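Going by the order they are written in, the chains are A, B and C; count residues from 1 in each one.
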Amino acid sequence: MTREEIPAAIDALKGLDPGIHDKDFLLTWQYPEATIRFVLRAARILEALVQANISTRLFETGLGLSIFRDKSTRTRYAFRAGCNLLGLMTEELDESTSQVVHGETVRETATMIGFLTEAIGIRDDMFLGEGHRYMMQVSSALCESHLARVLPQRPAVINLQCDLDHPTQSLADLGHLISTFGGLDPLKGRKLAMTWAYSPSYGKPLSVPQGVVALMARFGMHVVLAHPEGYDLVEEPLAAARRFAAESGGSFRVVGSMEEAFDGADAVYPKSWAPADVMRERTRLLRSGEQARLAALESEALATNAKFKDWECNDALMARTKGGAALYMHCLPADVTDVSCDSGEVSRSVFERARLDTYRQAAHKPFVIAAMILATRLREPASALERCLEAARPRRPA
Amino acid sequence: MTREEIPAAIDALKGLDPGIHDKDFLLTWQYPEATIRFVLRAARILEALVQANISTRLFETGLGLSIFRDKSTRTRYAFRAGCNLLGLMTEELDESTSQVVHGETVRETATMIGFLTEAIGIRDDMFLGEGHRYMMQVSSALCESHLARVLPQRPAVINLQCDLDHPTQSLADLGHLISTFGGLDPLKGRKLAMTWAYSPSYGKPLSVPQGVVALMARFGMHVVLAHPEGYDLVEEPLAAARRFAAESGGSFRVVGSMEEAFDGADAVYPKSWAPADVMRERTRLLRSGEQARLAALESEALATNAKFKDWECNDALMARTKGGAALYMHCLPADVTDVSCDSGEVSRSVFERARLDTYRQAAHKPFVIAAMILATRLREPASALERCLEAARPRRPA
Amino acid sequence: MTREEIPAAIDALKGLDPGIHDKDFLLTWQYPEATIRFVLRAARILEALVQANISTRLFETGLGLSIFRDKSTRTRYAFRAGCNLLGLMTEELDESTSQVVHGETVRETATMIGFLTEAIGIRDDMFLGEGHRYMMQVSSALCESHLARVLPQRPAVINLQCDLDHPTQSLADLGHLISTFGGLDPLKGRKLAMTWAYSPSYGKPLSVPQGVVALMARFGMHVVLAHPEGYDLVEEPLAAARRFAAESGGSFRVVGSMEEAFDGADAVYPKSWAPADVMRERTRLLRSGEQARLAALESEALATNAKFKDWECNDALMARTKGGAALYMHCLPADVTDVSCDSGEVSRSVFERARLDTYRQAAHKPFVIAAMILATRLREPASALERCLEAARPRRPA
């Protein structure tokens, strides 16, 4: 989007009601298509405003808090950068140095960090059946405290990855598909292969493939999910994918080989994840403290995993895609054979060719997060962006 | 306070000289009543400005540094939020990753983190006889460096809880009493029960009860402190409470049962703390590295503690208060029986009824901290708030 | 510099091309003299603007990221304060909570934290042969991603101490020499003694002495480096010192005693460091995991170290300097005999006399870092400072 195109884009944005003012952003499939379209377009406008060196510092003061219950580089940074882009100061709640370790309840902590806060970003993706539930607990505590006028405003919970969905990732992914293929409409009829791939670790979260199939099936894509027997995902997002595919004129099906998924694909997304059953059992054993059984489960899972080393995205597989030139996608970091491991999700030559493009895929994330904050916190977000454009305060000096 | 009432409140604030410009905020009993009244009123004005969506970003740049030598959620967040409300960026000094572990002196570190800093918030409440002393060391180092023109300005030390006082808490508590009873004057003659209560842990700081009795006795309240034999507090704040009570027409006495303290009380503050003698001995043993004796001391303290499980704030006790409807107060997190522990400071039913109100009590803290920064850092804080009101820049977009 | 002198200083700054726009600040000896002069002058102007209470908040939004692979108080704080002075929000990348522990490559991480970032400050001084190399890897990854238009701007890498140089320190040191002796020109012909001194620890980085000799030899000073046999530094900065000394009319020589170095010196900089050979071997053993050999190396190094306890800067040595009144310099924290250790780099009486002055030396650092950011990130930094002066927005309220 050039600077000249920004005014029209903002006008078009006015016609979209995100519908989540004073709410959260948790699972993409909960929201109507207008919410998704709003976030995608607002993210592109924000990116164009940065390119045009126009400040989008909309908040004079206010906080963006984050809670990371798992490691993060990209999403942590993107949350900070997205908040900063709007004028919010960020802080991270480190549970180990807070009263959480003294048994403080979730509902209490949520309010205590909410007084002057606009957004609370949470990553909780380690335990199947828990991450989304935790975010809902935080959300309902914030609602209660806001209704009781304890909180002067109602911070939005932004899902920075839970056990079900990873919306800041899947929307960045969709933004990347849009940039690559020239819009949302041109995605109709295109084939996306979301496939499992081998990694030396066995326990990667399920939220990326779940989020991707549920989101992409909404826009008329032919989504094919491929994985070895047993590597099932959680049902809720798969059901969403089937429903959306039926509505959008796309399709969604599950197959048992990378080859079938890659054949004629426009885009491929090969990525490791753990079987849902293993993850559920792992959560149970961790909670009950059954160390010996946990060790046994892990050995077994690694042994099973090792049977599928041939699920690697390599040149031979890429050659089967449309024109041999499908878009290679990854949420990063990828396990690259002979770079970060002996045998991984993708061969060195495929990854090296696509590498800068995967960085572009990630580059959407700070803007997607900022757009989610606009959608949840502002009554009239398009007008706010319009005022930024009119004021045209330089974001950085020449 | 409504938006219409803000101008008159600011005018009234002009008549109060906080008297601590270019100084610290350490122990409430060191300051004249005007200082206390200034902080309370400025905090309410700041809160009203937030409600009216008026920016109080008074600093273009500048830092608020914090040093936490103990766990914190509320105060840590409140310090960050209070700083951000005035435009200061916050940072935390993590002593484990700094040269402090290489033996750097306190006076040197204090200056090194003071160059462009407006406020240094410190929590050091673990060791009786040390926390306040540490803050005084930091304070005198900052004075020396400012006088020597090493520091272009003199950062204020803000006590975020020491061994003697917890002023950001007690002033938030007083703000809550004012909101509940309709002002400072209506507190005269009311009875406040600050009582010990049982907790499964034995070593909670003494600074909250000490700070509360010293502060509330100043405003004509009848303050009753209750604790089991042996759970004595430090003398300095108790002496202050006696002196202030005599001056204000209130009273201060110490009793040996919750029942006596609760009888006819307008407000109750049941909370666990450790005996001062135990804490002094604990500090000594920790410093001398006498591990075996320390373990013995802890077992003994827990055994003594367990004798007083009946010191629980429950419905029967609440029924003895004025109209059976005293204000229940707590600095949070509370040890709630059957919620966060088997047997604690307060029964589930009492706490659940009061829960949202304890959140309101905590909600004052960011504004109290911001008011302390205004009082210590600005020569004419009331005029600065007046300029914010006149400019009426929106704090957040619509 | 008084407020009245600022306009002329800014005019003079316009005549200096820093020559590092869209580049990094890594090793002082890589840059022409104009770069060095620019940073020194811009730092002084920034300091004068702070003294005049004029805001230099040039960035509306943007991030300053830091990565500390070793402990830091002063430099960490100075980076944050310098960024904040220009309007950048700071964040620290904690590698232990990021995907770096999952084997993410340096080039990928660099881009992932670069999207809306203006400066990335890095300390990596522990392993000889690695720190500078790591910064170069980050730098070339940022270049690649910027050229590929993945990054909308190219963050500058700011060396916050590597194995070769410590430019934010040496430029603060030079700023301190300029303040003390009245300018850069008055430094010509003065003698600076950069000498080894005893410390109970054996493994302090070499970058401070290396950076100091290479920088000060450039401005006509007679630089004498003194150390016990075996405590050699890395060749590259020594070669730079020899070359610069020849060009500037100064001199650079290495001697074997503190006495010889101190004789008639105008300034002395006594400081411990480890022998380059020991540090190289230590790096090798750490990387190969040879624990037993590492322990042996450390014992041996400590034993050798202990032979040189008489390398202490004391009153007798200071008496040999010019007029017995040389400027005592240290990057802090110093190992002070009878203060932070039994036997250290400097006697208590010498250090106590110089203490506040060493704080002044450190005080230059936030401004030096901000000046480096101006030099690397702005096309016309002098004009930007001029606009700040003209706008004269108060940095802090009265």
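By definition in this document, a residue touches a chain if its C-beta (ideal position, glycine included) is under 8 Å from a C-beta of that chain, and two chains touch if they have at least 3 such contacts.
Being a predicted model, the structure only gives us computed values, none of them experimental.
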Chain contact topology (line, ring, star, complete or other): complete
Equivalent-chain rotation between chain C and chain A, CA atoms, steps of 5 degrees: 120
Copies chain A and chain B touch via same or different residues, half shared test: different
Chain A and chain B: spacing of chain centres that average the CA atoms, whole Å: 40
Set of chain C residues in contact with two or more other chains: 89
Complex contacts: residues of chain A adjacent to chain C: 50-51, 55-57, 68, 71-74, 76-78, 80-81, 84-87, 89-90, 332-333, 335, 339-341, 355-356, 359-360, 362-363, 366, 393-398
Touching residues (chain side chain B, partner chain C) in the complex: 58-63, 65, 89, 91, 93, 97-105, 108-109, 111-113, 115-118, 144-145, 148, 150-153, 377-380, 383-384, 387
